[in-house]
Amino acid sequence: MDQMTWPEWKEKVAAGAPILIPVGSTEQHGPQLPLGTDVVIPRSICQRVAPAIGAIVAPAIAYGYKSHPKSGGGQAFPGTTSLDAHTLALVIHDIVCDLGQHGARRIALINGHFENAWPIVEGLNLAMRDLKRDGITDMVLLRLELGDFLYPETLTRIFPNGFPGTELEHASLLETSLMLALSPDLVRQERIPTDGPAKFPLYDRLPFDQTLVPPSGVLADARGSRAEIGEWMLRDHEELVTKALREGFGLS
Amino acid sequence: MDQMTWPEWKEKVAAGAPILIPVGSTEQHGPQLPLGTDVVIPRSICQRVAPAIGAIVAPAIAYGYKSHPKSGGGQAFPGTTSLDAHTLALVIHDIVCDLGQHGARRIALINGHFENAWPIVEGLNLAMRDLKRDGITDMVLLRLELGDFLYPETLTRIFPNGFPGTELEHASLLETSLMLALSPDLVRQERIPTDGPAKFPLYDRLPFDQTLVPPSGVLADARGSRAEIGEWMLRDHEELVTKALREGFGLS
Amino acid sequence: MDQMTWPEWKEKVAAGAPILIPVGSTEQHGPQLPLGTDVVIPRSICQRVAPAIGAIVAPAIAYGYKSHPKSGGGQAFPGTTSLDAHTLALVIHDIVCDLGQHGARRIALINGHFENAWPIVEGLNLAMRDLKRDGITDMVLLRLELGDFLYPETLTRIFPNGFPGTELEHASLLETSLMLALSPDLVRQERIPTDGPAKFPLYDRLPFDQTLVPPSGVLADARGSRAEIGEWMLRDHEELVTKALREGFGLS
Amino acid sequence: MDQMTWPEWKEKVAAGAPILIPVGSTEQHGPQLPLGTDVVIPRSICQRVAPAIGAIVAPAIAYGYKSHPKSGGGQAFPGTTSLDAHTLALVIHDIVCDLGQHGARRIALINGHFENAWPIVEGLNLAMRDLKRDGITDMVLLRLELGDFLYPETLTRIFPNGFPGTELEHASLLETSLMLALSPDLVRQERIPTDGPAKFPLYDRLPFDQTLVPPSGVLADARGSRAEIGEWMLRDHEELVTKALREGFGLS
Amino acid sequence: MDQMTWPEWKEKVAAGAPILIPVGSTEQHGPQLPLGTDVVIPRSICQRVAPAIGAIVAPAIAYGYKSHPKSGGGQAFPGTTSLDAHTLALVIHDIVCDLGQHGARRIALINGHFENAWPIVEGLNLAMRDLKRDGITDMVLLRLELGDFLYPETLTRIFPNGFPGTELEHASLLETSLMLALSPDLVRQERIPTDGPAKFPLYDRLPFDQTLVPPSGVLADARGSRAEIGEWMLRDHEELVTKALREGFGLS
Amino acid sequence: MDQMTWPEWKEKVAAGAPILIPVGSTEQHGPQLPLGTDVVIPRSICQRVAPAIGAIVAPAIAYGYKSHPKSGGGQAFPGTTSLDAHTLALVIHDIVCDLGQHGARRIALINGHFENAWPIVEGLNLAMRDLKRDGITDMVLLRLELGDFLYPETLTRIFPNGFPGTELEHASLLETSLMLALSPDLVRQERIPTDGPAKFPLYDRLPFDQTLVPPSGVLADARGSRAEIGEWMLRDHEELVTKALREGFGLS
């Protein structure tokens, strides 16, 4: 979208083109992955998925909700730069409302940062409420968490001993493999640490006991990451996200 | 910054590296320039300027304050996607505070979208106030409006008949030339319109009389745009912004 | 706490008594369970757990964050009465800050409504930030999601064919059994429906297609609910929550 | 309401049932009354009044607006746990709007905590404004301050020497007698203090001179409190509140 | 204060001069009094009181909290122009904090509009909290409701048959007499209406039944208003407010 | 407006009378001008302009947005008393919405304080959005910056050596001359300083280096100020503002 002119945008949107908004973060991803990992991944998926459904990819939201210790290592890591929940919800709200004012009726938020999920939910709710007040009643909004769009068989193939779960996978095998497939030059493979996995109590505690997080910031284990695994994931993501968008937007 | 790992970021910031945050918009820029023009330009300047002062370029803020009719054609143009002033101020506030919490003490906002100026001012003020409450008293924050960083001689060379002023230059000769120098593939030179320049009354009126804006969205005139002019501007920007950052941050 | 006088409260808190705050909702729980189910359960757990650790049970927060279709049937059900995320975060923030101002240094939020989790996280974060600004630096805050505090063996005993997951369990076997153990008079066992389980797409869609939720509002299946199962759960909750609170608060 | 299932709620509301929302506080009430006094009283009145008009009693709002020194002793008393005015107004707004979205058209807020009055007024105003924007134009909202619903003769009977006024009555004869009638087990009659009454200057001063409030927190005098007096008051409250609700809601 | 230069202000404040802030409204005051009545009165009192205690009178806050039907006729009257409670609280907060940042340590809000009382209370509370966070711990804030500063004997002299109470006195005998004393040219004595007094139910109802308010907007009765009565009141106000300010600020 | 009764206001507004709202500040204006300078000037212009177009002058907004060092000397000067941007935007929003609810359809904000411009823009935008939601679609809002309404010839006459620009003119020749014409008794001519003009870097820096601002607070030069110059300006303002209002409101 940022490379289109406004007349081009107008024409495509008038023809029903969906808008895909990648939502990411600026967050520690271990010593081997860049701070922008959560932006690179959803933006890439959006770009791969867009042509098949004639979608427009909007500029990514590059600052996300605060990192939670159990799913991202927490705010204590240098470089992690985050928004309050209310701020992010307002950002989502404002963008969605403005797109609606300009004619967009199909908008999907493609999220690559676990913690963003609920502020996005709230932002979409607030936008839907205000759009109705402004007389726009035919908007369709979708929210997709990238981590959900993998075939179980793929996970089994990657984790023959069982999948540890989306949360703990922060900066671990899945994200590292994805980045190896998408942007190998941004991965410092030689820095993949061995200090995980994290073991967390069932509850949250503030102030957080930072010794519970491996010093590297990798929550599970990134060893064994390969571009090939990333390619498997990309194939799943591309296929399943496309299918979800078609279904969710009611596209043939 | 989005390509750095957190240990790399930590090390550079601990050594005093400034953070440069490009602030832009997603806004109509006529039929010849892309919606992301206001992001491309400050991001490029930041990247050119950063090495000389050892700075880190943070992810750009890609959605800006609402387009004003007299300086950007207004919110009526499809594709223009903006934030409320309070939302943008909170975004600035949250990012600056979080950077401060992680040790950054020199942060510059490099703005490429005229309307952002005041929400940035407010965001920086709010951040400064809260940082003090959090015991951080040695932060230095800078705000630079790119349009200010041109030698008068350059403007004279570009506009031998007199410079129409920063506001009216939206999507006009300066921005088009800059984009021709930075990203010629994103410029549709054949679409440069001839319907300007805009003539505005001295006052604002809501609802805005959209007939006052040239239908193309180009406020002045983009004809005559050349990559060479863009190169002159880049040279000025690079030199003068570098100088300003050195001075503002007290760097030798 | 609501039955204590202020001198009694003061004395206990001065002696280090933790405060337990049950957080619930007013939300549909199928035709067999009352709207207040998510309050009854955490309040009861708090009351059972409090004596062992000398804790004070604060008044429950009886209105929670908006019901999400996939975990609570959604806002479409009559009687579901909810707060915006920002409102709930402020409520949490204000209460925690005020308790801190009055000397409490150990506060645990015991949550019985899935959707509350993130607004509680944010509210606690905001409170921690402001308490520090007010010079209170020795506060310990805990957040517990009741659903996490079951032994895996108990789940296996209850679901010999596999546990469908916390989200889908809304108004289903677990909650109904718990209520049969806690407040059998509030359960309309003869109304337990047979229209589940819900099958949701992987993504969220607004407006939500309400036909995806069983008309009863029971997301999985409540048949087979028994007070005995509820007793097993209560035993787990009591034991594991007590253990977590001791550990989290550093109590001997 | 918290004991009803959603189909029961739906049916009653569809038939026009009013919703009564008790609004209270968690606030010091002297050494003889519990912190939850302001919740116990309005909740009890609501429960007594509801059957006559077929009303539903919603869960009480248990945390109220900040205690004011002249009417509640002020925030300095341990155990008093309060919300900011804006938070409470948002809570009222969100609850009323959500009830409206689900079909309720008659809602009454029954307030037992003096300081809540204005945040309730504002919350109701904001809700009315938003409900209109959402197309709901036939909502009727009532606000009742319990203290207003006594016959003058009753006050004369209780205070043969003249009624000192609602504000000063905090934790004094009226509230203590009411609690003796409603929940005698929650009253520590032997702790009724003798240190009042408070004498306040005509103005407010921050920081408040806490020596102006009797150390016990009882603003006037609670001696002479009797369950019988509480019964008189309950009779008045029940009769007059019922009458007000009938009239305000236009019930026959 | 608006007539002082900044060096003059600085000098007086450094010497301990209190700041008096008149808070009023723009609100209907019947057919005989101007919309600015609630500003004229507290501003005049401040100006009369200031010399005796060496105080500075700040610019009046001319827009107040929403008019309440029972105390001001309500928002339905044309010309009544009001702020939301949160807005007014923020205005108070911002002004008080800024005065504090510049050295003022004694600030009094002199309120002439009944409905402003609670937003002022909240604004002062929020300011006190933030001032403490900014290290200012010796601020003294006062709030005075003008209506409270009359000798009982004066009220008896004015109302030999009993005083109807502050609330109902809106645009009635007291305010009209005060304006006759202060600004007789602003009073349309020939328009004093005869349609009161209002009779209100004990409860609030939204939407308000506007027929309960006399069509003129005068809630009680303004007949018999005389400048002489206004002079009595001014004398009381001047004497009692001065005394209160001396006492509250600890001035000799 | 504050001197009108509500029936008078109602009648004029029903007949289409525009409302003019002067927006100013309480801000240092050097040792020669009072803190209220930015209120005196726009209020006077409004009063002069109103009769010709049958307009009503509303009470001035006397507290404005924070002073910026480059255009007002900054917040460091004692006596400068300002609002946050969000607060001021809400004030504008609330007032405009309320006027709209009462029938006003032509409202102009006449701004005399440079920094207010953008919070006014935002406030008007927010009001327009909400007024539409409330079904008011024929509102016309104008915003005028007083400094723009001077004939170029007048500026040439005043500054034969070239006009230094609106921003730097703070408390300088133009404002001082205007005040000499409007309120000579409020000008301390003998205190006009000689320490300017200020020289600012092209960028903003926080914390601001206060040595860049002349200690007097006069940014350019106030010497040579004369009432006659003020008269020239008043004539321009009156003529050009009247013309703009006629045109903007579509008045014949």
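Labels for the chains are A, B, C, D, E and F, by order of writing; each one numbers its residues from 1.
Note that in this section contacts are C-beta pairs under 8 Å (C-beta built on N, C-alpha and C of every residue); 3 or more make two chains touch, one makes a residue touch a chain.
None of the values given here were measured: they were computed from a predicted structure.
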item: Touching both chain C and chain D (chains); value: A, E
item: Farthest chain relative to chain D (centres taken as mean CA coordinates); value: B
item: Distance between chain centroids, defined by C-alpha means - chain E, chain F (Å); value: 27
item: CA centroid of chain A to CA centroid of chain F, Å; value: 47
item: Gap in Å, rounded to a whole number, between the CA centres of chain E and chain A; value: 54
item: Chain F residues counted as touching two or more neighbouring chains; value: 84, 86, 133
item: Set of all touching chain pairs, with the criterion as stated earlier; value: A-B, A-C, A-D, A-F, B-C, B-E, B-F, C-D, C-E, D-E, D-F, E-F
item: Residue ranges of chain C in contact with chain D within the complex; value: 1-7, 9-10, 13, 26, 28-36, 39-40, 58-63, 75, 77-84, 86-87, 90-91, 94-95, 98-99, 101-103, 186, 188, 191, 217
item: In the complex with chain F, residue positions of chain B that touch it; value: 66, 68, 84-86, 89, 108, 117-119, 121-122, 124-126, 128, 139-144, 148-149, 201-207, 240, 244, 247-248
item: Chain A-touching residues of chain D, taken from the complex the two chains share; value: 133-134
item: Interface residues, chain F side, partner chain A - complex; value: 129, 132-133
